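Quick one: the structure is below, and I'll ask about it shortly.
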Amino acid sequence: MKLKMGVDIGGLTLKNPVMTASGTFGYGEEYSDYLDLNRLGAIIVKGLSLEPRDGNQPPRIIETASGMLNAVGLQNVGVRAFIDDKLPWLRGIDSAIIANIFGETIEDYVKVAEILNDAEGVAALEVNISCPNVKRGGITFGSDPALAGEVTRAVKDVSHLPVIVKLTPNVTDITQIARVVEAAGADVLSLINTITGMSVDIEKRVPHLENVTGGLSGPAIKPVALRMVWEVVNAVSIPVIGVGGIMNARDALEFLIVGAKAVQVGTANFLNPGVTADIIDDMEKYMSEKGIGDINDLIGTLKI
Amino acid sequence: MVLKASASFRESLPGQFVMVRMTDSNAPFLSRPFSIYSVRSRGGDTFVEILYKVVGKGTDIFSRLREGDAMNVLGPLGRGFDVPSTCKKIVLIAGGVGVAPLSFLAERCEKEISGAEIICYMGAGSSKALAGLDRIEGICSVVKISTDDGSRGHPGLVTEFFGHDMELYADNDSRIYSCGPTQMLRSLHKLLKDRPVACQVSLEERMACGIGACLGCVVKTKSDGLVRVCKEGPVFDINSVDFS
Amino acid sequence: MKLKMGVDIGGLTLKNPVMTASGTFGYGEEYSDYLDLNRLGAIIVKGLSLEPRDGNQPPRIIETASGMLNAVGLQNVGVRAFIDDKLPWLRGIDSAIIANIFGETIEDYVKVAEILNDAEGVAALEVNISCPNVKRGGITFGSDPALAGEVTRAVKDVSHLPVIVKLTPNVTDITQIARVVEAAGADVLSLINTITGMSVDIEKRVPHLENVTGGLSGPAIKPVALRMVWEVVNAVSIPVIGVGGIMNARDALEFLIVGAKAVQVGTANFLNPGVTADIIDDMEKYMSEKGIGDINDLIGTLKI
Amino acid sequence: MVLKASASFRESLPGQFVMVRMTDSNAPFLSRPFSIYSVRSRGGDTFVEILYKVVGKGTDIFSRLREGDAMNVLGPLGRGFDVPSTCKKIVLIAGGVGVAPLSFLAERCEKEISGAEIICYMGAGSSKALAGLDRIEGICSVVKISTDDGSRGHPGLVTEFFGHDMELYADNDSRIYSCGPTQMLRSLHKLLKDRPVACQVSLEERMACGIGACLGCVVKTKSDGLVRVCKEGPVFDINSVDFS
């Protein structure tokens, strides 16, 4: 049986629902020795800002139980260097290339989106709204419904590309934010970004991270991600991409079954750089075993 | 620990490292980086050896493994030491298990640079912590030992010991290589900072991916800002690192 | 050196800072075969409601990576049966007995608090505000600052006991709730309760829990709990008790170092019923090694 | 799997269980419950044996353990089977590894009830899944085998097989004991529901603590609502359970 693995999300057609999560797959090339990048549904690159950024001082990462905290601080080469130095290589890959963007003001987001309008080879934007808004006292865009809506609308107004908005889990009611972002014009939602956490070195009595707090990722957060995806799928009508703690096909399938149209694999890439290819293989195996010919027939089939 | 690995490891360079993780276990969660101590081929198989010290959760778990247990080994990774084609004196300065990549380097230098004298300064907390001593003694012309507690060799820091001898190594025909705790490398940096001698050091930082993707392992450099230890390093010219 | 392990929290003196978390230690007696209960700083019993409750249908628990989800649904014998059947036995234990209480309306909380006023042997109340308010459309008391303040004030108004309010982590800004609850008169805060999560059986395509979602606990959530405790310690001036993922003395020490005056051990009791005694022993060992004679000299000593 | 355990296990009753967990590892996270298959003393040490089937993550990890690995074993836990002092026919109905507590029970009955005939109906998916067969054959007067795929013995469900014979066992001088998948116990319940014969079953439910504290393991009963399998069970009178 030939399996149909393709999914449509907000005007974008992916050859399969497996994407790599922003910040965990570099600019793609870092992984080219470890798997055939052409197999991926999409590659989402490290978050891009208007100007290059240095990020936080080390130590930037620390392991936790079934997870890790990172405080990389959004270090990146900047959107222009991405287009000049990284994108040409990525154009050679037959997989959707998605640019993850962020800013400290709404104008920053808008400018990055505008610059990417002219960049050939970018299939969509993913807007990371888990960043502090420097103009509004540092509250993150993603934790305030009004701000989340504003930044979404601003990017949608200028961008020619499908716009995915990536939600933060550090909120009381993620469906509220999801609905506002949908109303503001987002084509797709992706969730979750990392959960803020902390870890302490009891010998030195200092935080393990120079930045004090960091973002928790990995299998530890999967139950929370899955719950939020399920809540959001039931609250909006645009497609939802599931992210958070996916280590293998079984984990990915849980997200599809609750209703995610696609998934992103993050931290798992660090433990096994070829993991996404394994996930696609094992997903196909599961479908064959269950007699499911089209992945779309699996999506959203949770029985309650 | 000796790990059976893929044939690609035959190309390993001294100073390169591996990322090691237990297959099918989330404890420890992240892979752990270790310098390659040796690479050997036997009966068509390739074996990578690492020398490690138990300092925390991961190394504790590794120390309780038994023959035949399955590990995931990624590598060889990073930038190794530059090995010159000719050189009179190769000086190795090792702190603790920092001897591992230097031992691999010494083997290579002995084979590839004819007529070079290889001298090793080896320091550790106490005589018990002098892991890998026998092997490096077998390769180097001289091994000069120091221990913090004076239980063997020169009592005190290895950098002090080296400092006394420093004048023996002419800037233009010697190469210095070092690996050890950051504090030790910082002292070495101070000792050498007014001299144009070629010195490379191998740095450590916490890593998640080991392949340049996560940006977790950065270190401050003098001219390039924060760079990745796993990709631009772990070997750096001592003068390029910002030890402040 | 004789170590001083006692701590004062909101008028209550504990012989040491190690407590057992509500819902994870039954009514105490279940653990009497496994450790000397007199060693504990405090025992917090399973949450009590006005009337006995059956709780949710099984399956109620499922394991996750370094954690577990539970949807016990607050099954309990009811406050009166607790006083009649469980408390007499607990009075024989030389450790503070704390009653965890909850309700579906503010009146429920008030009635339970009033009934416990007359119960000899209860040292304090812990008010679980992670429950849905049935009168206000099911929004949980703990995720709405106004409701959280209201229920706190209502309990304080009637209770003669020190009142600990237990905060939920499922909020955007836990410091906001913490400040409101402090202003409403709470003597102590404890945090965190479980984080809402979900897990799916991909063979049957059903949720693993009959209740669909459940509360995530265990080491997976420790980084989140520690971050929230640190945030709250810096936001209020009343004592804070740290809860979430504590498995051993090292974990407990992290919470004390960031500023918690005491800790609660939850899920760890399931894996090793004698774990709290080990934690106290190892905490003392750490103090001896570091030359810290009084546990209060360790609390809040994080260097930033 | 044989576990070295504390002497307190010598008092174990058939039907009681243990909670098992790997020392110093969070995978699997929760302890797993297993019925006690046997308890033996040798040279002052007590050994608890369990018989298990690999069905998921935890049992998969356990199956890859090697001799000498450290486990935490909590027990003996729960309420065991009631063993009568006299009885003519003891009928055991086992589904798969459900044979484990029944085998322990049969040993005990053989020792303690003189003159009782012990008959075992043993069902499994296929002949390969008939674990523990040899031992129980050594104890029982008769072992009647059935397999779903007909690869050995009666083809079909064990409850069907037992159903055919049911009239052989008089209500007043027989005792029935059963352990197996819930679906099987449900069928047995249907078969027996009009008869006053004494029948006890051992139930399974996911557990966290095993000692009655977490309220995770409840099962529906006819008159007491939701009760804990680990404390009020795992052995219940079949008529007290609400199988609907």
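Each chain gets a letter, A, B, C and D, in the order it is written, and its residues are counted from 1.
Rule of thumb we're sticking to: a residue touches a chain if its C-beta (ideal position, glycine included) is under 8 Å from a C-beta of that chain, and two chains touch if they have at least 3 such contacts.
It should be emphasised that the depicted structure is a prediction, and the values quoted were computed from it without experimental measurement.
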Using the contact definition given at the top, which chains are in touch with both chain B and chain D?
none
Just the number, please: Cα centre separation of chain C and chain D in whole Å.
36
Chain B and chain C have mean C-alpha positions lying a whole-number Å distance apart equal to 47
Can you give the whole-Å distance between the Cα centres of chain A and chain C?
34
Which residues does chain C have that touch at least 2 chains other than itself?
64-67, 218-219
For chain D, give me the residues that contact two or more of the other chains.
26
Among line, ring, star, complete and other, which one matches the pattern of chain touches?
ring
All pairs of touching chains, please: list them by chain label.
A-B, A-C, B-D, C-D
Chain A residues within the chain B interface of the complex:
23-26, 30-31, 33-34, 46, 54-55, 57-68, 70, 72, 75, 218-219, 267, 269-273
How about chain D: which of its residues touch chain B in the complex?
25-27, 66
Along chain C, where are the residues that touch chain A in the complex?
64-67, 69, 143, 170-173, 195-200, 202, 204-207, 212-213, 216, 218-224, 226-227, 230, 245, 250, 253-254, 257-258, 286, 301-304
Which residues, counting only chain B, touch chain A once they are in their complex?
21, 26, 28-31, 72, 74, 205-220, 225-226
